[in-house]
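Each of the next two complexes has chain A plus one other chain: chain B in the first, chain C in the second.
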Partner chain A sequence: MTDTPVILTRNLTKSYGGFAAVQELNLSVGSNRITAFLGQNGAGKSTTIKMLLGMIRPSRGEGTVLGKRITDAEENRAMRRKVAYVAENKPLYNYMSVEQTIGFASSFYPDWRSDFATKLLNEYKLPPQRKVKALSKGMRTKLALLLAFARRPELLILDEPSEGLDPVGIEHLLQMLVAQAAEGVAIFFSSHQIAEVERVADHVCILDNGRLLVDASLDQLRQSYRRIDLVFASAPQEREFRITGVERIQTKGHQMSVFASGNAEAVIERARDLDAVSVEVAPVGLREIFLETVKEN
Partner chain B sequence: MLWYKAWLETRSRFLTCLATLTIFCAVFVGHAQGLIRPEWKTDYNRLLFVTQQFIVTMWILAVVLLGMGGIVRERAIGTSSLTLSLPVSRARLLGIRVGVGVLEAIALAVVPWATVFLVSSLARMPILISQVGFYVLLLIAGGSAYFAMAILVSSLVESEYTAPAVAFGLVLLTAIVFDAWLRPFNLWRLLTGDFYIDRHTYLISWPFPWRGVLASMSAAALMLSTSISVIQKREF
Partner chain C sequence: MFFKLTPTTGHPLYLQLMQQIRHATESGALHDGDQLPGIRTLAEELVVSPNTVAKAYSELEHDGLLELRHGSGAFICVKRRTRSLADHVQGARRQLRDLIEHLREEGLLDEEIKRAFEAELLYPAEILRKR
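Entry: the complex of A and B
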């Protein structure tokens, strides 16, 4: 198995007048892994995905998906044959029934797995004859996911895939993502549900204000990010701890809390040099990493 | 399957327009039996000329309605990301929509006139098939500009209700402007056969007005190619 990037962008930028929705994005999404694309609302996630799929044109920069240039209409069309995309609002044609929707989607993909689609149809308890407009939000999400999974894609791009699903549906989705990745499908998904991301993602990208702030494996993040709580005999000086890797310092009286993306050992050493009364080092979860990163930005 | 999608999107509009046109024509012509008297042919031909005027007006409204839709409207209702993620070019998406629309427009011209022909025959007031053919051909070939205009408007205007309002407004505006100042180029009069009708017999006289029809078809081709260009450049 090779690790050629399935998504590769260089200085990808999208501006609307004076507002830059995505700025100089250099993204590299590896194959055979699940990559989470995190960001607040309006961070530029959907704009990035739309640029990758040729729905909007970049203002600057370039990119490839599965080796095909995103700005070349013909290459982009060929790429879309191998990519499954589920948009945030789970768009489906209201005038079609579930069965018609599946028949319609299957006609575009030679590798469509009818047996798998039937299996998911039964598992998701989707009524084949019911019109899409009569489906609940959760059922619409399930149908959109069925269409994505059954086409045997090389890359799955999912925008908020768990939205509208109940806990059982979310569990099924997460298992399905892991199973698809095990089959060699690269998965690139955005989500606001950090707990879900932590369960399945191998790699995390955090976007804020159109800029890529974090691009690392989840293991790397877990190993390098630390919260160090310090207590001193007298009020500490923050400037003493402004060293490489320290992202944020909060001081309250004799207490100090340091949030570090790396170099935690240096912080501890500095604290001991300054006669810290207490030094407590704690690993940081992805939720905190995300919140601190966007807060800092 | 894109043909099927285009059909599903337009079928209720199409069937409603077709039923309205056909039923009205059948009733209108069926009631003309009272005209039967020695000179009925001229009166009846005049009635058919009026029928064509009605069909043309309704047909224009119908094809403008059928031209609405497409991925710009889908953007407004939120399904464009599904359509555009399919491995299909935007030109093909538009082309298939135009193809389905043209077939429906042809049916909207042929079926009402076929009904008129049938009802007339049953009422023992047979009409010349050449006259029916003339009227239908005028409508389909000459009227293509109206359908293309609707496609162009639907490619430019996003809102679900603004696009038809703009398209119907343009139809009305062109009808008024051309009738007041550019009557020889009035497309509505071309389609009704107003320029070619013999005012004594109320029969349309050949030859077929190819120049006017070709001008309309050229305008249609230009508007459709502009629509493709607009759709390809547009961001969703």
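Entry: the complex of A and C
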């Protein structure tokens, strides 16, 4: 398994006047995996994606996608042939029918899989004759996804792909992502649907206020993040627990709750040394990791 | 074979899958020579990254519980060693039953026993060794 990054950025920055939408971003997205890009609305996810695709020029810093420099127009064109991108607003031609849209898109790509496109068209229950402007939001999303999946790309970049989909549509989308990944397509998708990310992603990047706060594998996050709830005979001192890995401490009377991104053993040992009456260790889900990380920032 | 992975338990999904396959062989749900679905098929069925299934399979192969034949899938191999492990698990369950009975007699509620159990299981191994 080769693991040359499909996306690599160094100090990638985008400022609008005095406002920095993306700050000093150092991303490295591996091939052969599904990477989720998490962040609140306005965190800078779409700006980052647009810079990667050469749609917005970075203020500073540099980056490559599939080894091609993002700021070089020539290299950018070569890259775009191998990257399928589904934009947040799913831009499609309103005056075309579903069928015409598919035919139009297929003419651009030599690797287009017509059989696969037809299969998806049936699975998605998209009416071939209907005009794009008459499609529901969910159908529009499905059509945009179909166009991306049928292209046999090397890298799939999806900006909020589940937007507008119902639970059945989301489940199908996730299955499609898994199937694409199984064929060796690298996937980079932004989302704020944490439950779906937690299931399919191998790797998670959390962006907040334009800064990359978490860049780790989900296995790593699952194994290292813990919430440790402690009870003491007398009111505990928070400073005793300000050790590496502890992100947040809350105290209420004799109770203390420690949120740790790692080093839970040390917290437990400290608690034992301080004669804690009760020590309970609980795993932390991605939702909580996300909320705590964003709160800290 | 049914597998159920829980994303929020604090255990990597590949470890959960490994444990469930191991448990299935120990409990007799899977036998020597049984075929498991291919990586892609199982990944799509469970809706998890193919890497999760691939990692579980390769770790199990490393442990000698699974044989990966190129192109034809994954096959369970249960040696005598794992059978005795099954007896081990049976014994452990008996001990657990006694312990739970004892704790109930002491007046602990099931919910409290469960919480204590889960908390202990999450203790890092190195601390347990020191105790």
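Basically, the second predicted complex is superposed on the first by the 297 of 297 C-alpha atoms of A that agree within 3 Å, B and C clash if a C-alpha of one lies under 4 Å from a C-alpha of the other, contacts with A are read in each partner's own complex, and residues count from 1 in each chain.
Here is the rule we use: a residue touches a chain if its C-beta (ideal position, glycine included) is under 8 Å from a C-beta of that chain, and two chains touch if they have at least 3 such contacts.
Keep in mind the model is a prediction, meaning the values are calculated, not measured.
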> Regarding the shared-chain residue A:Val279, is it in contact with chain B (first), chain C (second), both, or neither?
Replying inline: second
> Touch check for A:Ser257: first (chain B), second (chain C), both, or neither?
Replying inline: neither
>> If you tally the residues of chain A touched by each partner, is the higher count for chain B or for chain C?
In response: C
>> After the superposition on A, what does A:Ser107 contact: first (chain B), second (chain C), both or neither?
In response: first
> A:Leu92 contacts which: chain B (first), chain C (second), both, neither?
Replying inline: first
>> Looking at A:Ala78, would you say it contacts chain B, chain C, both, or neither? Reply first, second, both or neither.
In response: first
>> Per the contact definition, I'd like the list of chain C residues that touch chain A in the complex.
In response: 5, 7-14, 39-40, 43-44, 47-52, 115, 118-119, 122-124, 126-127
>> Which residues of chain B touch chain A once you look at their complex with the stated criterion?
In response: 1, 4-5, 8-9, 78-82, 84-90, 232, 235-236
>> Quick check: in the complex, which residue numbers of chain A touch chain B?
In response: 50, 53-57, 73-74, 77-78, 80-81, 83, 85, 87, 89, 91-93, 95-96, 100, 103-104, 107-109
> Touching chain C in the complex: which residues of chain A?
Replying inline: 32-34, 171, 174-175, 178-179, 181-182, 195, 198-202, 218-219, 222-223, 225-226, 264-265, 268-269, 279-286
